[in-house]
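Two complexes follow with subunit A in common, the first pairing it with subunit B and the second with subunit C.
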Partner chain A sequence: MRKLSVTNIKDSMVRFNVHLSYMYSKMLKGFLFITIILVPIHSFLVFTVLPQQAFRPTPVSTLSSTLWLTSIIFTFIIMYLAYSFASELSGGGAQLFLSHPLGKLEYVSAWFFTGLYVTVFLFLLSIILPVIVLDPTLLSKLSLRELYLLSLEMIVSGAIIFNVALMMKKSGLTFLCGVFFYYILPFVFMLSLAVFRKSSEFVIWMFIVLYPYKSMFIWGYARTFPYQIIQASFLSLFFAVLLHILAFVYSRWRLEVG
Partner chain B sequence: MIEVKSVYKFYGSFPALRGVTFSVGKGVIAGLLGPNGSGKTTTLKILVGLLRRNSGEVQVLGYDPWVNGVEVRERVGILHERPIYPRDVSVHGLLKHLAKLRGLDDEEVKRVIKLVGLKEWEWKSISALSRGYLQRFGLAQALLGDPEILLLDEPTANLDPLARREILDLISILKRDLGITVIISSHIIPELQEVCNYAIFIRNGAVAGHGSLEELSIRYAVQSVYVIKTSYPRELAAYLIKDGIVTGVDIEKDALLVRVERGMNEEFIERIDSIKQKFNIESFYHKSSDLGELYEKVIRY
Partner chain C sequence: MLKVIGSVLCVSGIIILLMLLATSNMHTKFWITSRFNSLTPMRIIKFNKKTIGIYDAGSISVRKIEGLRYNVSVRVTTYPLLVRYNNTLFRIAISIDNATVYTVRKTDYPVIRGYIASMGDTVDDVKKLLELLDSRCIGKVTLQNMFSSPYAIQGVFDIGDETLDSEISLDFILLIFPKRDLVKVISPKPPPVSSIIFLKNISIARLKGNINVRLEASLNVSRNQVTRAIDITMLGVLMLGVDIYRNYDEYKHTIEKLKTVLREMIKRS
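Let's look at the complex of A and B:
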């Protein structure tokens, strides 16, 4: 078995960093384009919504509609990146990088990092940036809870989609999986919850784990729900961590390229 | 340098490799020969840890490539059969990134670009390269960091005759100047004839025969060519022709190129040893064997 030493970890971090920088440089144009398009949209929406909330606070943040809408664009980016990841794995692109001293774990981590965290970071940036630039005093009106839950929701489903890309190496299937987890399944869940009033606890918890942000609207302010949504979201966090561990173990011990 | 013992590899239930066993020593140019779908590419990918074997042992430079892939790939370069490169980066940009993964700087990028003759195309996009130049790029990325072992999977496949010639010349230069161990997978025999001194024949996922060309030509009774350096080339040529062991002799300055009758290699070597002093023979060595004939005998029968 390969020795786990400080030098090995250090070397591994250096290679991960090198590949990450390369991926950024390749995707920079696309990321910049998206940010430039979305910052004005968010600026407009945030500045029409935030003052209302400052004067007429409501239990459910009025930013929600805006965040929900624009998060769709970012979930689409995550889906597209997972699709590209699957294409690179199946099409031979991964073969080139992995024929050099780049570990499979480092390679997969670079994709996860770029596909999930950079996209979520850009999403948050596209909301926060216009507020900071135009009126920093409104920053306190942004609900951190909302941003946390929405980011977590994007990451949980994103991690599932990236795992599908990694293990199945099929770009079409990955994209379909993205559409299913981001756009279809939540509505199927909500529909079934509405139709079958007495849903089983298991279904409710599944919904909370997969969609903590959407759960906030359904149970976040209801007195019937025995837990705080933030507390319940730790289960989502745990699930996301598990998905990451699964991907890393798979990439280290099972991933074949070629 | 490379030890492969009883390696099995399955794709689902299909056995791609069935107990492959061979070894390759330092400085050898080995041809990995076999028909399409015989398991050549799978073997090469297992050697760099891209594919996992189901059973058996593989050691490359003392490491198991599946477990210590990074350590192996630090010292091994590979050119894949149908490589796919990112299209929207420049030749220099992509090589620079791959060099960085090896902890190398820009000087190394310039060295390999010069070595494979890509100077004119250095700043052009990968998408602008023709098939021949893409193959040169493939060689350049495989040569980054002066690898101790070079694996070339069908390096001339799908190339026009001119590009094919250029790539073969390049491999000959690498063999001559760098002295690295090379495994070339191909099913085009005449190409390998020019560069190989060792052969691994693979058929239906199993090794049908492997060894130096001299060993194989003795084992399979194939015509061989030997070079003899002597002070009396004409006299020696006359003696050998009269002897009946050789089928032809060419004189080149102070050396003789001798074609030995099929299956007579051992007798020929014994005979040369016995007349060494008489004809003042400085050296004699096996130059080549008819690889096509070897292929016929090992693979077809």
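Let's look at the complex of A and C:
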């Protein structure tokens, strides 16, 4: 029985890998497009802005000035990928893939992997490569904490949007949800934090869980938050894992494609 | 995954190389850091009917980044003084004949500061100070009037690559040599005769103003940076090569197409 299940996992991994290779080929142009857009902007900003950070004694953020524009472009890319995922689920493309022998779990995992992790990896690569070329010793000045929190924020919000795409199978709704989570909700939270001074702890925790990178700016400067942002970010990590489990459980038992 | 990473590295390497060359050729200067201090004299020396004001213009810690060429821009702005004497309010300016900024390493600064504190006020002492500053400084600039305002003077100088270690701190010392007729009365004009002796005795120590030291840099691409960008591209090409070797069938069509195009190009040429 155990041998059988190990074989199943191996077969599943092989199918996942084959589908992943297919998705890479399909998305290669998109990935190259991301690179062509992000690398010049990051290169220019790294060459001109990062040297200033090397002189600051203890900066809260070394990358905020580099990322302010590209993070918006990047969130659009994740939203577009979730939109394509929902279109494929509702438009019949998914049915073709899932006919045989690809399982639902493998299919959804491949989308999550390419849509979230590969894009986040490419985004980080587009920041790190110009720094390596300019001066590798500057890598020590890059805040790993910042890169980790940024990736976590992208993955948490991205996982929510991909879950919406998976469960609702409506591309328009997925896109709107992306706009809401990436651009509107942070402002709503920040407004509520600013207007209602004694915001309930629940709102603060919600903000930290959903937006760990933005929380670093609010509580990293003010230092009024009683916990370390990194410790608090473990909750975001836990939430991201929960979202992934939810997506995999849903895809395994409840996913219907039409 | 090899195909994706290989292609991305290849494209990134080429783009970064182009960006390096473009940024370097544009000679764009970008702000690194600046210090803003008020003019507070370290020492005022009167010698041989002349006066010299010595000021600490602040310090900057410089971390050398490969391929960056640093330059220091110093601007001194002085303000007219309001002085009351015998119920008359005078608006006066202190005329500067020559102002020079010396840049010294933090390690040399205590020696110079010690000498300034203990030096006498003879011509020889001032000569020695100038010799000491000239021998220890890694750059100096004479400030010139560059603006329409008579109260602002500025100078810019490069810090050579060879003078910078990986991380050093620089101190800036400003020497101001005022004109022999130090005080220039702006109002009232002409000043009352009774006040001339008072006006002549106004010290340069009363000079009010500020010093703005600004560190800027421009990218001057180095051979190592070009090599690193090419390395990234070659790494990408290598990864693509491995992927082509592993999945030759996938690329067969593209390679055949490429071969045909190349053959036609060779035939035409």
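Basically, the second predicted complex is superposed on the first by the 247 of 258 C-alpha atoms of A that agree within 3 Å, B and C clash if a C-alpha of one lies under 4 Å from a C-alpha of the other, contacts with A are read in each partner's own complex, and residues count from 1 in each chain.
Just so we're on the same page, contacts are C-beta pairs under 8 Å (C-beta built on N, C-alpha and C of every residue); 3 or more make two chains touch, one makes a residue touch a chain.
Just so you know, these numbers come straight off a predicted model, no measurement behind them.
> Examine A:Ser140 and indicate which partner it touches, taking first as subunit B and second as subunit C; both and neither are also allowed.
After superposing on A, A:Ser140 lies clear of both subunit B and subunit C.
> May I ask you to decide whether A:Gln95 touches subunit B, subunit C, both, or neither, giving the answer as first, second, both or neither?
After superposition on chain A, A:Gln95 lies in contact with subunit B alone.
> Between subunit B (first) and subunit C (second), which, if any, makes contact with A:Gly103: first, second, both or neither?
A:Gly103 contacts subunit B only, not subunit C.
> Touching A:Ile36, do we find subunit B (first), subunit C (second), both, or neither?
Once the two structures are laid over each other on A, A:Ile36 reaches subunit C alone.
> Tell me which partner A:Ile132 touches in the superposition: subunit B (first), subunit C (second), both or neither.
After superposition on chain A, A:Ile132 lies in contact with subunit C alone.
> So in the superposed three-chain picture, is A:Ser192 touching just subunit B, just subunit C, both, or none of them (first/second/both/neither)?
So A:Ser192 meets neither subunit B nor subunit C here.
> Who does A:Tyr22 touch here: subunit B (first), subunit C (second), both, or neither?
first
> Check whether subunit B or subunit C contacts more residues of subunit A in the superposed model.
Higher number of touched subunit A residues: C.
> With both complexes superposed on chain A, which partner does A:Val118 reach: first (subunit B), second (subunit C), both or neither?
It touches subunit C, and subunit B stays clear.
> Across the two complexes, what residues of subunit A are contacted by subunit B and by subunit C?
Touching subunit B in the first complex and subunit C in the second, no residue of subunit A appears in both lists.
> Which stretch or stretches of subunit C touch subunit A in the complex?
1, 3-4, 7-9, 11-13, 15-17, 19-20, 23, 28, 30-33, 60-63, 65-68, 166, 215, 217, 219, 225, 228-229, 232, 250
> Which stretch or stretches of subunit B touch subunit A in the complex?
Per the stated touch rule, the residues are 41, 45, 48, 50-52, 67-71, 73-74, 77-78, 80, 82-86, 88-89, 97-98, 100-103, 141-142, 144.
> Using the touch rule from the top, collect the residues of subunit A that touch subunit B in their complex.
1-2, 14-15, 18-19, 22, 26, 91-93, 95-104, 254, 256-258
> Give every residue of subunit A touching subunit C within the complex, in rising order.
That would be residues 20, 24-25, 27-28, 31-32, 35-36, 39-40, 43-44, 47-49, 51-52, 54-55, 118, 122, 125-126, 129-130, 132-138 of subunit A.
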